[in-house]
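After the structure tokens below, expect a handful of questions from me.
So that you can tell them apart, the chains are marked A, B, C, D and E in the order they are listed, and the count of residues begins at 1 in each.
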């Protein structure tokens, strides 16, 4: 019995202006349904037993239950006979920066299910707790929940913007593996975000286009969902923008590394060009040709060949490199 | 006679709750048709003779027969007068990771034809064998078959994800031909997967959009096929995501190799910069100018020019490279 | 009281042929509404108090007020019951080169709100001031305002064109970090411009396609808005063109750096190829083999081995490099 | 007269079950039209005179005649009052691997015009010759002709697949100009193929979508043309796939060359790192400091400084490179 | 008065079978309008005064006049109450290879305005001059004009094709800045062409799709405009093809430069590998260890150590490089 209990998730309930923190059991569910008031039930990290309650008490369609257990889905809105099943995404602080929320919504209740932390929910519950009034406008609640999730992407994307600028500066100072690694990591995150946002945006497009519908939704609510849609387009535009910028950053990175390589090679060439002839000259006068040794015995030979020739070579090199702009 | 026999494929039949493993002959086919019960006949690695039976007994349209013999097609659903012809893909363990299944489906039977192994089928047959009940809902059977094929892609794609991460780590440790070769091989596999999945996704889009239709399909079945469609979109999104990541991986690979090259060149330059002037100095004092030789005879000259000058050069170099951050 | 005052923006008003510069208060707003004449009120850098006046006096929908406070939006046209809310962009001289203008437009007034400088507005006001006639055709005013904003992009884009040409020339003279940095900066600006222009273009497409509508707009006005739409397509085409060119510029940059690297490496190879054998020869005759030293004592040996051999090596090298085209 | 004759193309005619090889003249044309039986006339490498016959005898629209003379067109189907004008492509063995066929088709005849060899036609004629029966189903003849042309692409594309694999292997063994040159040549061919196939695919899409129509086409024929459309989509998919693979091949090529360069540079660095200090030491003891020369006169000095020091340097280098993994 | 005169453009007029070269004044315009015959008036390099005549005499809509003065537009067809305003492009021989033609077309006249030379027009005028018949079919005149402009792109694109082939060959012989510079220049031209052609193609799509209409256009004329549309698609396909090829050319260029660099580096490595050990050996026997000098005094030591050892090193190197395939 206790084993089954552990499988139970804690849930937050709002009904009739009262915010409650309870264990999620069949009894809790039945009690909520018994009252004739709209309720919002939020299940955090649900287990097998919780889905069983959803099946047994709420009698949701098996495909909807199965979908709600399967995390890693596309945002969507599936209409069933007496409820809709929703998948929406928000920002979080974990590895993939995403929280996936599944929702069952009918005219009588909203049940949200998620595995990662959803800070937007805590805030929203506090608001209802402070006002202690019943949920009189369920679609507006749905709007607030989704709006909270969607708007949580904006600060995350603002961080991206700053990070790209910083990366750019670091690349020019000292391009290294760390920059290319971070560009890749950021691209990977954006690819993940985009995979979450694009279907969510399309889902709201079909919601405000009238293709899909939420129970109890009026013209006025549509205005609010249009606002969410507008934000999702902006988020999706920003993601594309940052992807573009990261691609350009990679180009700049590669070009900077190439430039540096070019500069290093020029230095090597300058060094070789200066010292190889000098070394040749010293080698020349180090040869053991007796005739030559005899003829370079005086100090005049040393100054002329030993010092003068070398200095002349250096001077020629300097002029040459100055003309080439390498020096 | 025996030669013709060898040309015959083995087939699995489910009819009236009985799972049967038989040789595929005209007689078997006629017997199945004679009973007034829906049957599923699965042909593995069919030969010329088998297609002859399909032509002679089932009297399928020549274009459908021709299409069913031709492997390497796009997923599709062709409606004929009294049946539909299907091509769908699933994951397998062979080289291209794909199994192509051709199906003839009418209200009275489903005939599936494939060349590669389809593990999803074995499992499904076992399920029908255990329950031993007739196939009462043919479109649901079709759903289960295709669902089994489609969902077999998910574990394969999860492997891809792990492999990309691993590749990334290897690239940073020691970028070599092996990584770029594997990136290419994975891209090639993804290109193949994409070619199979995209038409399959579009086919289900037209199926749930009502453009195409399966015999006996109801509103409730459509919900199931919508589920398959949803999975196919996710698979197709994942493929695109991995392609993007592999492209980025290649960029990172190239940038890492460039970085390494830059580092190696800097080392070469450092070595040349340190040793070329040193060697010049030793060469200088190795010259046979008698005047010079005479004047560097004492130990003071050796310590000053022979050791001191060299050490001074090394010191200057160290300061220079430290300032450049190369050392 | 004074604190609240500071929160107030200055505003420019045109009503009944009179241009006025006033403080934006509830009284000003009420006075304007009291007269039965169309007015244009332009709010520069509005504060919290100003939005309160918009809420209290004009009673705009809370979503519209909220949107007008939120800068960084996509160009859009939201229709409310008795007014439309507009977001449009123009060129400016600040960092992102954009000015974002929010507008509330009804048959009785146009209220524009912006944070950055909008030079197009000053010019337009001057025109109305000089003529001192009432605004008889409000949609034409809207056309003139948006036309001013949109056409301000053309000179900016002409600058881009010149800058790309210049960059190209600099790249061929001396490719360095500065060029790749500027290419990146220009790409970043274009990405920002594109994010502003694309939705603005689509908004006008839906305006002239009849999907959206401006109060009081006639067939003749549509012709004018079609002209704006045409300009927006041209701007959007130009942005795409410059992006393409910048991408090609980066390719050219990389190829030029590669070429230069190749040239430098060839020079290094030539130097090493010339001097290494020469140095080997001098080293050879610098060896202390007594037998060899004895046999090269005459001047003939010096001329033959010391000079002749070296000159022969140089001659062979020259012929070799000439044949390879490196010299 | 003879000059005009030379301008005449040979033509193949099938009418009433008889295959005929004749000269194309106005008389031939009139004779064919006189009989009340469908005929197929195939003109190979037509000259100016032949087009004159088409104008004079068949009275085709001048735009159609002009189009049929102009090779290098997009696949299309133009409907005229009493005939349709077709452009379709097939595979051939010449430089661009394409044969362009122009066709005039009405309920009474099919006239095909081409410049390159069309092997598919020879085969088809043989088939009609063997059966010697009249063309009873003209749209089926059109299907067979186009099907022959379209299916001739498959073996060519299979060759591409093999060639890409081979290229890949060669790149890993020894990347050189030849591989990049071949990748470019294959891309160029694919670009040409794609330019031919894409419009052909779209033309069949509009044919089976009912936008365009062939005279005498029934529901059953549509099934056949749908089959051609299916093949064209597969060909077009294959072309895209190979383009993708060639792009990846180029990436792999570049990365392999970079890797090799890196390896070569490491070797150069190893050599310089080993020999520069050794050479410095030999230079050091080659100096003419009399004091030093005196003090290294014994065999102990030679063994210690001359041999021991050098061996110590080599030993240190070996340990260093082993630790870096370069050795 | 004379100042105003200078502002006047010369114009070519065709009316009633007569080709006339006149000064463009209000009187000329009125005279043409007075006659009840269709006329074509071609204005080359019009000035301010000319546009004034268009406004005063023809009373065109101010937006149309404004558009006709503004060169650098997208191809378009704007319908006004009693005329249409056209922008179309043709090929020319100037820097951007384009001539932009603006046209006012009604059932009574066609007025064309352009700044660059339009060779297609001269040819067309000559044709009308020779036949001296009135313009009986105005839409056919429009067809001929636009057809002349459009078809002038084909020879230019054929030049591109040749140039790309040539570039490819040069790249393999000797890749340098000149090639990458030319690839960039050609890309820039193609980007410009594409910007002109794409809207022109879309404009004809809407013309033959019935979205836009030319005054007096019949079903038969549509066939002609469909022909222009067909040519525009081909031009647009060719442009895309050449862009693709130029991108591949750049890849090939970069890979060729990389290959060359690799080859040069190998040579440098070979040289260093051969000469560094040789030089080390000569340095070794150049050391002043008295014991060593004493022991290598005989000719046997010279032959063994001085010659034999060096030759042995060279032999080992040769074998080594042969095995590596570098030699």
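Operating definition for what follows: a residue touches a chain if its C-beta (ideal position, glycine included) is under 8 Å from a C-beta of that chain, and two chains touch if they have at least 3 such contacts.
Note that the structure is predicted; figures quoted are calculated from it, not measured.
With contact taken as defined at the outset, chain A and chain D are each touched by B. Touch-path distance (fewest steps) from chain B to chain E is 2. Any chain touching chain C that also touches chain E would appear here, but none does. A rotation of 145° superposes the C-alpha trace of chain C on that of chain D, rounded to the nearest 5. Interface of chain D with chain E: the two copies contact each other largely through different residue positions, with under half of all numbers used appearing on both sides. Between chain B and chain D, the centres computed from C-alpha atoms are 25 Å apart. For chain E, the set of residues that touch two or more other chains comprises 254, 258, 261, 265, 268, 272, 276, 279, 283, 286-288, 292. Arrangement of the chains shown, judged by which pairs touch: one closed cycle in which each chain has exactly two touching partners. Read round the ring from chain D, going to chain E first, the chain order is D, E, C, A, B. Listed in rising order, the residues of chain C touching chain A in the complex are 61, 63, 67, 72-74, 76, 78, 80, 174-177, 180-181, 183-184, 187-188, 191-192, 195, 199, 250, 253-254, 257-258, 260-261, 264-265, 267-268, 271-272, 275-276, 278-279, 282-283, 285-288, 292-293, 296-299, 301-302, 305-306, 310. Partner chain C is touched in their complex by these residues of chain A: 168, 172, 223-224, 226-227, 230, 233-234, 237, 241, 244-245, 248-249, 251-252, 254-256, 258-259, 261-262, 265-266, 268-269, 272-273, 276-277, 279-280, 283-284, 286-292, 325.
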